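Below are two complexes that have chain A in common, paired first with chain B and then with chain C.
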Partner chain A sequence: MAEDLVLDTAIRDWVLIPLSVVMVLIGILRYFVSKLMRSSNQVPDPKMVKEGQVIIRARNLRAAANYIPAKSFRARRVYFSNEENGLLYVPKGQAQNAQAQMFSDPNMAMDMMKKNLSMIIPQTLTFAWVNFFFSGFVAAKIPFPLTQRFRSMLQNGIDLSTVDVSYVSSRSWYFLNLFGLRGLFSLILGEENATDDTQRMMQMSGFGFDPTKSLGAEKDSLDIFQHEWALPKFEQRAEAVLKKLVS
Partner chain B sequence: MASHDESSVSRKKSSDSVDEISTFNAENMQINAKIISYSRTFMSIIGGVIAGILGFTGLTGFIFYFLVMAIMSVGLAAKAGFSAHPYFDSWNQILLDGFLGGLLSFVLFWTFAYDMVHIF
Partner chain C sequence: MAFQSLTTPKSDLLLALKNGLCMNKWPVAAMDTQRLDMAKDYVKVLQEKFPESKRVGRLEALLLEAMGLWEEAEKAYSSLLEDNELDPVIHKRRVAMAKAQGNISGAIEWLNKYLEIFMADHDAWRELAEIYVSLQMYKQAAFCYEELILSQPTIPLYHLAYADVLYTLGGIENLHMAKKYYASTIDLTGGKHTRALFGVCLSTSAIDQLTKGRNKDDKENSQLASLSATALGKDYKQRAPNKVSLLASTLRSLKLSS
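== the complex of A and B ==
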């Protein structure tokens, strides 16, 4: 049953390559469009910025705590815990405030919608295009064998049931491209590419609830933190390094 | 505390005192992690093209992918002087990071090259 089909060269030229090229180009286009749309942003709320800065300061203290003596660390920690004590009690009244602010703020909702749409629309359009033009024939052969259950998923334009499951339609070529080109985009577009959905979702969901939860979280982690003095052996270490340099 | 490596590749030393507490320079660690993920993606793409041209099918192709990843991990470990500690968080990061994404890119380029060459 597994005879080798001979496929038309024209399929290679006019289906596989154009589809891949189009997907790469659409990815690049989407990246630039998202960069352009992001530049026209709203003015950040000064209260939120202040709270964000306090959190950053607490985090820096935790990160670099081992470089300062124990007493000064404790002094700083008391300063933060007391300061955030006031801030920690406020969020109970502020919790509703933040959420109400998010819902009544049309700008933020619009931004989230825009980002969602800019992700979904190109994918939907490309998928529809592929379905319309490139259906009903075998497009590619996957080099590894699959079970019969994948047949309905991969071969949905092809109505012959005796064709080997390795021969797939162009829809599955589209999906293969969709997942495989992510790596390529991270190479050619640098770090900031908007093709990774999960990253984007995490960014968006963490933005609105920032002040209420993370203040309490920061205070707790600062309280739990065990200070260990990392520098007592530093003189020996400096001596070793200098010795290596000199000798 | 960060000290630059002498070689031209920007691999940064990111941890501190050996016996007691390891302190990491976050920015350097990020750079190192980025380097790993870039090299892994690149190698999986190249590996996919090679596997397709050579005509590997089925299990052989996946074994080839693991082989390429293993060679890359060994190369990375050799570059880092066989000690994960000053440069990375843990050994797992060197060995397994970016594995799945690389697999997808590998399969894509493998299919592509295989079709181009063998079923053309």
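== the complex of A and C ==
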């Protein structure tokens, strides 16, 4: 069943390339629109900022703890994970509270809505457009062989069951572009661009209250950490360096 | 950029500023070089263009600070902070003002408050450490330097400063630690840092002085001192040959006192 279909080069000229170009342009448009729509009341919540900074500091402590003497490390560890007023200690009751607050806070809800909308609407529109104009024919051939299970996903408009699964419709080209153009966008638009759909989708699925969880995580890893003062090693290394220098 | 702004004619600059080039930098440059009249003009132009901007508000307050009108500047900063409680730049300007007025304890207080919120800002820790050292509050300075080492462990400068503070604090334990941190500085700089080499020699001789008469069984690190002395000699021969004799006599006196 391995017939080699010869695909018209007109497909390449009039389907694949325009589709990619259109997606890039829509992405750029979304980026600018999101910049314009960003609400001006970007006043950061003091608690959130402080928590973010605490996390950074705790992370630094863990990363470089071997460079400071044991006493200082222990003092800092107590400061962070002390049961009563340690910075990283978040009692369970507070954790639930925070999540509820996030849902009920109107501003935050609006912000998330806006972000979601700006992602969903262009995607839906483009998808509908692709389906309307570019369905019913084979658009491309995937270079590696696939199993039959992918047929329904990739060969949507093609109603022949004998065509090899490697021949896909333009819908799959659309999805390929959707996930693949992220790299291109980071090149063109810099790091923080609103087109990072895949990241956003992953964030949406894991809807946890970020700070509380990461605080707890930091506290646990800090508690586990074993301090091993690296400085004595440095003396020997300095000796070695000097020996090489002097000889 | 700053020097350019001082030599080109005023009208051209005002025109360029009206069209929005380099808005932030020229007024600051003018204030840095004490050309307050030019700074005033720039700020006025910016105010006309962006009446409600936070940045222009900051520049205005900065101008007041540069002119020495401390109370007005303080009022301006407090009002700016009311709108935006978490602007790190404004907090830091307040600290700078306190320091410029000679109110060092006030500066420390503001800086501590700032660090309670923004505790990952290593520049602020560094500033605090320097202030403490200037006030001879060495224990607190040591704490700040530890923070710096934690956030950027591969910068030899912080190791060196920490070692200096420990050496100044004195006491056997601290001297041992100081020697270790001088050693780590040497390691991080490939043995070329003169001050660290001297630090090793000095701390070794200070330790020997303090442990005179007690058993010196950890003699394994005496090699470090002699090695650094040799390295120093080599360095001086290369860079300052006429001071070699001075170096030799200093090192001899250090060894003799042990």
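Some points to look at:
Here, the second predicted complex is superposed on the first by the 137 of 247 C-alpha atoms of A that agree within 3 Å, B and C clash if a C-alpha of one lies under 4 Å from a C-alpha of the other, contacts with A are read in each partner's own complex, and residues count from 1 in each chain.
Methods note: a contact is a pair of C-beta atoms (placed from the backbone, for glycine too) under 8 Å apart; a residue touches a chain by one contact, two chains touch by 3 or more.
Every value quoted in this text rests on a predicted model; they were computed, and no experiment measured them.
By the touch criterion defined above, A:Ile56 reaches chain C but does not reach chain B. Judged by the touch definition given at the top, the superposed model places A:His227 against neither chain B nor chain C. Using the contact criterion defined above for the overlaid structures, shared-chain residue A:Arg237 touches chain B and also reaches chain C.
In the overlay built on the shared chain, the residue A:Arg151 is in contact with neither chain B nor chain C. For the contact definition in use here, the residues of chain A common to its chain B contact set and its chain C contact set are 63, 67, 234, 237. Within the complex formed with chain C, the chain A residues making contact are 43-44, 46, 49-50, 53-54, 56-57, 60-61, 63-65, 67-69, 72, 231-232, 234-235, 237-239, 241-246.
Against chain B, the residues of chain A that register as touching in their complex are 5-7, 9, 12, 16, 20, 63, 66-67, 140-145, 173, 176-177, 179-184, 186-187, 191, 228, 230, 233-234, 237. Taken in their complex, chain B has these residues touching chain A: 16-17, 19-21, 23, 26, 34, 37-38, 41-42, 44-45, 51-52, 56-59, 61-62, 101-102, 104-112, 114-116, 119-120. Residues of chain C touching chain A in their complex: 84-86, 116-121, 143, 146-147, 149-151, 153, 177, 179-181, 183-184, 186-187, 190-192, 200, 221, 223-224, 227-228, 230-231, 234.
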